[in-house]
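Questions regarding the structure given below will be posed in turn.
Labels run A, B, C and D following the written order; every chain starts at residue 1.
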Amino acid sequence: MDRIVEHLWIIPALPLLAAGIIALLKRPHRKAAAALAIGSLGLAFLVSCVAFAATLHPAAGAGTVRLTHNFAWFDLGESTLRLGWLLDPLTAGMLVMVTFVGSLIFVFSVGYMAHDPNFTRFFGFLSLFAAAMLGLLVANNLLFLFMCWEVVGLASYLLIGFWFQKPEAAAAAKKAFVTTRIGDLGFFLGMVWLYHGTGTLLFYDKGAGCLEQGAIASLVAQTTLGGMAVSTAISLLLFCGAAGKSGQVPLHVWLPDAMEGPTPVSALIHAATMVAAGVFLVARVFPLLGASAAGLPADGHVPHTAALAVVTWIGAITAVFGALVAVAQSDIKRILAYSTVSQLGYMMMGLGVGGPAVGMFHLLAHAFFKALLFLGAGSVIHGCHGEQDIRRMGGLRKAMPATFATYAVGMMALAGFPLVFSGFWSKDEILHAALAWSPSRLPFALGLFGAFLTAFYMIRQMWFVFFAPSAHPAARHGHDTRPDAAAPHDSPPVMTVSLAILAGATVAMSLLATPVWPWFHAYLGGHLDHLHVGWDADGAVLATMALSTVAVALGTGVSWRLYSRSATGTDAVERLVPRLFGALRGRLYVDGFYAATVFRLNRAAATAFDWIDRFVWGSLAGSTAWIATGFSWLGRLLDDAGINPGFDAGCAGTRGTGRLVSLFQNGQTQRYLRLVGGGIVAIVVAVAWTGKK
Amino acid sequence: MASLDQIFVALKDWLVAFVPVALQPLAGALLSIVAIMAVFPGIFALTTVVERKLLARFQNRPGPNRVGIPLTKIRLAGFGQFAADGIKSLTKEDIVPRNADRIVHFVAPFVLVAPAFLSLSVVPVGRNMAALDFRETGLLFFFAVGAATELSVFMAGWSSRNKYSLLGAMRGIAQMLSYELPLILSSLVVVMMAGTLSLATIAERQSGVQWGVVHSWHVFTPWGFAGFLIFLTAACAESNRTPFDLPEAESELVAGYFTEYSGFKFALFFLGEYLGMFAISGVAITLFLGGWNAPFTFLDWVPSWMWFFGKLVGFILFFIWLRATLPRLRVDQLMDLAWKFMLPMSLVNLVVAGVWHLAASWPHLLRWPLCVAILALPYWLLSRGFQTRFKTRTYRFAEESRPAPATAAAGP
Amino acid sequence: MTPYLIVSALLFSIGFAGVLTRRNAILVLVGVELMLNAANLNFVAFWRHGPNPAALDGVMFVVFAIAVAAAEAAVGLALVIAIHRHCRSGNVDEASGMKG
Amino acid sequence: MNPIFAILAGVTVGAAVAAMALRNLVHSVLCLTVSLVGLALLYLRLGAEFAGFVQILVYVGAVAILIMFAVLLTRGGEAPPGRIANAPWSGLAVAAAVFAMIAWAIARSPALRGMAKDPAQPPLSVKAIGDKLTGDLVLPLQVVALLLTAALVGGVVIAMSEKETE
């Protein structure tokens, strides 16, 4: 057992090695690159399975399997910085999922990127990404986790901007990088604070780790600003990082734009890995979030702490927000992106109301079906020669049967069709936990509404892509300049096989966490030996199932009815409520405030927002962005042409200060050096002077 | 015989004994300086005549054969020529271009000659006969002092304010810098094997005996042989001798960096160049050809300094022979040779020396073929690249401007 | 010992003065070289007069410093050439495109 | 003070001053070379033979030539017209202040006063240096090798970059 955890580093090291070797390969060595990347990740998958098997059998009476292996990294003055590997059910489950889904995505990429000249570079980046992600999972140290976290950010930057010659892609990559960086600032501060508070960053260290009883008790005991417990403050800071990575509402803007990357990247980033990192982080530090004066959260019981309440509310808002926006999008990948935002909201909500088991199960289930959906979308795009607008598709059911079948499975899982799809069970659990959440019932209602919307937009997408009469073949082919532009065709086997495997996994996942046999809970909670098959759920479970089924059915029915009867080309909802639809299509203007590029509903206001945005992104003052967003909402509602004079004054002041400061920075190195020299002399004189007395 | 071998050492000791003890080191140094300043310029004087005569012979003409002892009928087969040349250059007008940078122009020849003398002073010309023996850093001293040559070339070329001078200087510096690498690397092999930088010690180390009667010169090993060839080529380039005389290619650059020098300063440049050649030949002899050691044990009775100077004369004749037979390289070929052939080969040679050292206990039949193979393979690979690289140049623009014969025939 | 240190300080200050005042970028680099060499002289002097000369620390430091200085000179001069090509000038005060 | 030391120090410092003060760049660099040779001789006086010769080999043989090339490549061979210094007085004042500070520190240092006036020549064999380089300091040696390679490549790339883009 210990040997497994001692050698857990092999799992991230394998793809890292592959990335290193691929970096040295020349461009024409495409096969070698692909083989290296897939082979290394496949091997990592096998090792992960071994690690997973090791967590299945806890020692008698030990509860959860939690193996750690810590070692000294380097000495820092008096103290020693220690790193470590950690193997527990959370890690093991994620490892298997990431390597499995990742391998399939790699295989899919071989087909999808077959025509790209930078094929080898692509696989190098993919491997680097996988390595960083796996390193993040096995870390038993918040610092090491943070390092991998940043490498994940770097790799995602490289991958989203893979087609950097496209300005949108370059911009999207930058946006993703900068936006997540704002969250990371919170993460970093939280980490530093945690180190300050506990003196260690190891999660588990035989009772001395920062997530164990002693450290947390001391953190809970201290209070900071406004009587908040230090543990809560740290939790919220860490959650900032998680929100950035996982695209929770204020920081979600990068995620839809990240669609500019190649589709396998979207699948990898949005389904399996990067966005999951945030949720994983919250699950990892759950003891900290759930810590209250009463102590650590016990298994199966989720306390109501302030930190968890924040997580819940942000999650619930994100869930509904993403679903709403997804209703009006027309880019096939963008719909999926917003649906990811929405589902991530569910996960966070699940974590907040139901603890790691609930949230993580939705994460794993979502990873499979969302990877399936993205790869399916990739297959559709590939088959349609690069077309991404669903209104220009249609009738692909016949042209691409394999893609259609697998996509339908993914769709039903995402929408939560009952009984055999994993999405149903995982979402149901979240709703059930939300129903039982005593502080408020609103999250439950929001979740239910989200479920309705999910079914609605997925049916809308299915209808446009696969069922609608082939709308604008001329337009479609007119756009295509390639000589081999022909009718849509199904993708090569190397792509469809990945889809089929994922579809199978999606269905299979549904067996793991039904109320009849809640294996996953038992696994995460560490009481597998008490697990038995049988119905011992309360009536609320049944009620929730019924309610969510109704919501899904309602969504499906309404959507199908609206769209199947509408004329092609225009959107049914658009005709019904054009203003609302416009707002939704404009992604509720959130991007407008952040990036000031999308919608200029109000030119004057937008100019101000634009400036604010630049200011916000230009500096790291994320908090200003909050205020600015609030003000700009208000301004648009109250007065279309209104520009808050306070902003102007603030801007002028800032600009003036900037001018003043930039006077010193005149680009003349010699002048800087003179100041440095004079400064040194002054310091020495000062030190000597004071030392004499 | 031993007394003849050490005759100069004894002479110096005898002379030094006349001065007070406190001044003896100074007197010894002075004596050494005088000896060096007398012997090597003398060899230089003779070399100029020999070179002119030999070159003439190579070209089927008599060469200088008139000047003998003045006011007599004795001609000495023309060996009085150097005196005439010397007197001429001393009495000629010293022309300095109007725009020239006078100070630098004046200093440049001295910057060339002084280090040449200095570097000659570390060469052991016989047993116990090195004017300066740096036990720790002899070879390093040689290379460090040699570095000043480049500076002098630059000063001469730049201060003349003449484009041929400047171009010649640039070529010269580029060439010297490029060939300094193989030069140092190939002598590094000897340092590696000898374990010392002292030239005297290196020479002494080669007095061992192998194969019965042969002294163990470094050149009789695979690494020594390859190193010697590399060193010889690089030395040729370092001293600007044909076929590497591009810096002073008279058909292209008049006389290179000393175009604007005349009279005594020109003579100094001339002297400096030849002294540099002697010094580098002396180092080559010390490093590879056994220094002052005889080739065979039965020749040990010949005094050591005679061996050294005999080998030196051999080198001089060899260089003259090269000058008379080989055509000059083109600039790009020159650089290619340095960077793409000699540098890799000298690196390979370092490896060979290491292998030789590690395989010390192996039988010769195994050790020799292994080392030769390690050398031969890169040699073959590298020279294969040169065959494609050094193909006849096609003069694209010249050919295009010339009307093709077919169109000429079709014309009116 | 002290005379060496004073010479070193003088060299350092002369180099520093050159760095601070000369307009030509190459001479600024020359000043930097002088400053580096002044430091090297210190190392050698302290090695010679220090408590443990057998450890060779000062000399090793000088050898490394020379190697690094050579690299620095190469890159610095390449930069000067690049800037000269870009700005048609080798003066440091004209290459102030980064100014705020 | 030893007269030889005085001459060497005078030449070194004087050449350094000239290097920093002359108008013509080539003269400056030549003076720099003289100054560096003077430094090498000071090393010899201190008993650091190896360092001294390495100094000459690297600085006179390579760095000086390199700077000369840079001077000629940037058309600095002629004495530039106009100002050669930016605000010389304030710069000189800062430099003088720095010198005053260092000199003050040297003059007051109690550690220096405790040192032997002229300790015995420490043994310095090149072999010891070699052993050290390939023993304790093998990692720095590798790093320096890497640095030099990087500098070589970087120098080439920087100096030829514009040609590439044409």
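In this text, a contact is a pair of C-beta atoms (placed from the backbone, for glycine too) under 8 Å apart; a residue touches a chain by one contact, two chains touch by 3 or more.
Everything numeric in this text was worked out from a predicted model, so none of it was measured.
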Each chain counted as touching chain A and chain D at once: C
Centre-most chain, if every chain is reduced to its averaged C-alpha atoms: C
A-C or B-D, whichever has more C-beta pairs in contact: B-D
Distance from the mean Cα position of chain C to that of chain B, given in whole angstrom: 34
Where chain A and chain C are represented by their mean Cα positions, the distance between them in whole Å: 50
Length of the line joining the C-alpha centres of chain B and chain D, rounded to whole Å: 30
Inter-centroid spacing, chain B versus chain A (mean Cα positions, whole Å): 71
Multi-partner residues of chain A (each touching 2 or more other chains): 668, 670, 674, 677
Two or more partner chains touched - positions in chain C: 16, 20-21, 92-93
Arrangement of touching chains [line / ring / star / complete / other]: other
Chains touching one another, given as label pairs in label order: A-C, A-D, B-D, C-D
Touch list for chain C against partner chain A, complex: 16, 19-21, 28, 92-93, 95-100
Touch list for chain A against partner chain C, complex: 658, 661-663, 665-670, 673-674, 677
Sites on chain D touched by chain C in the complex: 1, 5, 9, 12-13, 16-17, 19-20, 25, 28-29, 32, 35-36, 39, 42-43, 46-48, 50-51, 54-55, 58-59, 62-63, 66-67, 69-71, 73-76, 80, 83-88, 91-92, 94-96, 98-99, 102-103, 106-107, 112, 115-117, 119, 122-124, 128-129, 132-133, 137, 140, 144, 147-148, 150-152, 154-156, 158-159, 161-162
Complex contacts: residues of chain C adjacent to chain D: 1-7, 9-18, 20-24, 26-27, 29-31, 33-34, 37, 40-41, 44-45, 47-50, 53-54, 56, 58-60, 62-64, 66-75, 77-82, 84-86, 90, 92-93
In the complex, chain D residues that touch chain A: 86, 90-91, 94-95, 97-98, 100-101, 105
